[in-house]
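Each of the two complexes below includes chain A, the first together with chain B, the second together with chain C.
This part shows the complex of A and B:
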């Protein structure tokens, strides 16, 4: 969630938006998300190989938004009452941010297992932006 | 139009269903809850139904079912040569949602992608397209229809998606295909720019259109079958096709999922397989009217139980965008 993102910028990282595709560093084995620029672990440049994680992991940080969401999320906030935002440590080791779905976000805590699903993130200028969210693992 | 058209005397199969994936939203509302809110419940044979979450639509449900079908397939997504999607509820009037589904699933950029719409027959149209195109093909029917909140269409309106990987070989062979088309306007339609499905409202006429079209398509099949899986706009209408087609047991999941539109005959197929049927006639019927009948021999093990969370009527209205700031 954040500042306005144009469609041409949005489509640049679709593999990461839909499937959390990460960059695995050929130097140190560390993961960088999204897979652009230098390795976040060792700062090596040009060493990131795209890797598709399973999409499962553990919540390491969590926030609940009940009001004051950016305008593009107003309809979702109206419908859901609250929006959960989490930082998830994927089983492959990388940490990625995402919204929660299919749960009461107030009942999700650090350490909970989650899995990724693709949902509508928001609609803006008539265009639906889809992306991966997390829901509690069954 | 008069008469019927049948696939030309195939000894061999047209192809086969190799794997199946389903998806239904977890939110469930009971007929009782709707009845209390409206002082009446007009969808026949529906005891409860599924409701899409506020962030779900035909695209996201199609993706979820497609991923499940690929997980159970011998083929991986790089093998998929065709994506055929069927839905009456694309989130845009124009714009290729097939490209979005292909991109989210991660199909190759050379995959032939097509979308079938405008009729609840769109799901079986996608199956036929998949069988005729390069295989393996990923075929997906996903729907979440909506009506005016006080009418039978909306009371029945459910949600769900079924995906099939269709290939040259598989445990369920498609042995024949037949179609029937004859004009019966107004049995089910949505005006341009409108989200709500309407019907003309002449029940006897709508039943005649359904029964005639489904029966004629099935009669044109060169196959015997023990189960019939027709389009299920509610939990009652499929029984009419059953009475017209002798000796077959009718399967549908509209009674518990609601009207899943283009996906409904494929949910019927899944229910027939779950009950042990080894020969099923799947019939996609849609306004117009027209029907595709597919004879399927063999079966694939499937589950017909999905996680469920009961919601209230006000939640239902918010999730479906009947009230509040729907985009």
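This part shows the complex of A and C:
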């Protein structure tokens, strides 16, 4: 019970799962992630054109989860002892949530530059889900 | 628009009750609510019932409203379950207000119920995340505490909010809740203990987080004509506001404010013909310490970015200029998700009528409740005042 993401609902968003494909609003020029529904800047509907971002940006909020992870990430938390989660303002403009990887999450702070990289996210019903995470820019 | 009166309100005890069911907890709150009315209410005279519940654990996801109202003898009464995450019963209360205003009901029930402590740890963690944005926010590995931790991280960076500011909220609310016999965590804490607690989602620690609780609450709303039959000591609902916003924090323009709170408060203040300076006391949604700070700012009790110093100044203490969370708040009183909104209203009812026992503060005439769903996807704000219009 609880939250559940079906395989079709994951697969239909693969461009955004792997590369953070955004929507650019043809009305106001604002960026929305994911590129569906109403523009987060002006609420216009049906105006989002897909944009391929560079996958780089700046951390605007950071946390390190040390307990209470939901079942899909419980094994990861056990293995790592902590899960770093950031909100990143992509260089194109949209804000996206992402998990930190390839680093000590306690060393990452607001204002740091990060880049996206495809990693294993979690496994559900025997199917591994892949998607983008963030790591510090070299 | 017809006037609306709060003629009764009560909560069951909040806590962990393995011997109780969601139905028996609702029945406890309902019978207490009937007892809280000055006159005698014929339960079959309730025209409409709205029951808030998230359905944690999945025990009765479908028809959980009728399942509890039938249990208290309201078989046949129109009942609708309201789901708005943690704002479920604040939203249920608004439906009751609208029904009485519209003339569809002369007596309406708004309440809520949740049972959260009888499930396994794994199932609880699964359910705690269901009110965040599921497809992207949750899949980034965050938790409910994690989303509020992002707000705290941004608030600390943008406004200079400190660890001490956050922990002061916990110290105050635990001191208040220690005087509330219906609170889940009836103990006080020191600033040192609150500041040094184990990390949950940095920068939030255990004392920045409310507990998960079992409990129920019920409020009874009446038209003026019906209220006149039931009481000589009326509480009027002078303002009702509700707003929604993007469910995911990442899709909102600000990380340090909940826009739906401002929008709902504007509606409620406007209807009541008052401003934040006129509010004598408030029950605000402190699911996390940072949430109470942000609420004080978004409700207009202090300027944006200044809530840390505002709380530290003692302004929100029981003897301060505007007490906040005299009940102990979610932090100490507990947070049975669906029951929280009308639980806040039960505290306002008690305080305005001078029936709050050891935690009673005298001289309160106008109270406000603020109930948030998720990290701000839905917010309900209500303003209450003593006396007839």
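In this section, the second predicted complex is superposed on the first by the 136 of 138 C-alpha atoms of A that agree within 3 Å, B and C clash if a C-alpha of one lies under 4 Å from a C-alpha of the other, contacts with A are read in each partner's own complex, and residues count from 1 in each chain.
Just so we're on the same page, contacts are C-beta pairs under 8 Å (C-beta built on N, C-alpha and C of every residue); 3 or more make two chains touch, one makes a residue touch a chain.
Predicted model only: the values in this text are computed from it and were never measured.
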item	value
Superposed partners chain B and chain C on chain A - clash or fit	fit
Partner chain in contact with A:128 - chain B first, chain C second, else both or neither	first
First (chain B), second (chain C), both or neither touched by A:85	second
First, second, both or neither for A:54, with chain B first and chain C second	neither
Contacts of A:76 with chain B and chain C, given as first, second, both or neither	both
Chain B versus chain C as contact partner of A:62, first or second or both or neither	second
First, second, both or neither for A:95, with chain B first and chain C second	second
Partner chain in contact with A:13 - chain B first, chain C second, else both or neither	second
Per-residue touch tally on chain A - higher for chain B or for chain C	C
Superposition-derived angle with apex at the Cα centre of chain A and sides reaching chain B and chain C, degrees in steps of 10	150
First, second, both or neither for A:28, with chain B first and chain C second	neither
Lowest C-alpha to C-alpha distance for chain C against chain B (Å)	13
Residues on chain A lying within both footprints (that of chain B and that of chain C)	74, 76, 121-122
Chain A to chain B touching residues, read off their complex	14-15, 18-19, 52, 74-76, 78-80, 101-102, 117-123, 126, 128, 130, 133, 138
Complex interface listing, chain A residues touching chain C	1-3, 5, 9, 13, 32-34, 40, 60-71, 73-74, 76, 83, 85, 87, 95-99, 106, 110, 121-122, 131
Chain A-facing residues of chain B, complex	26, 53-57, 59-60, 63-64, 91-92, 100, 103-104, 106, 307, 318-319, 321, 324-327
Chain C to chain A touching residues, read off their complex	57-58, 122-123, 125-130, 134-146, 149-151, 153-154, 157, 198-204, 246, 248-253, 255
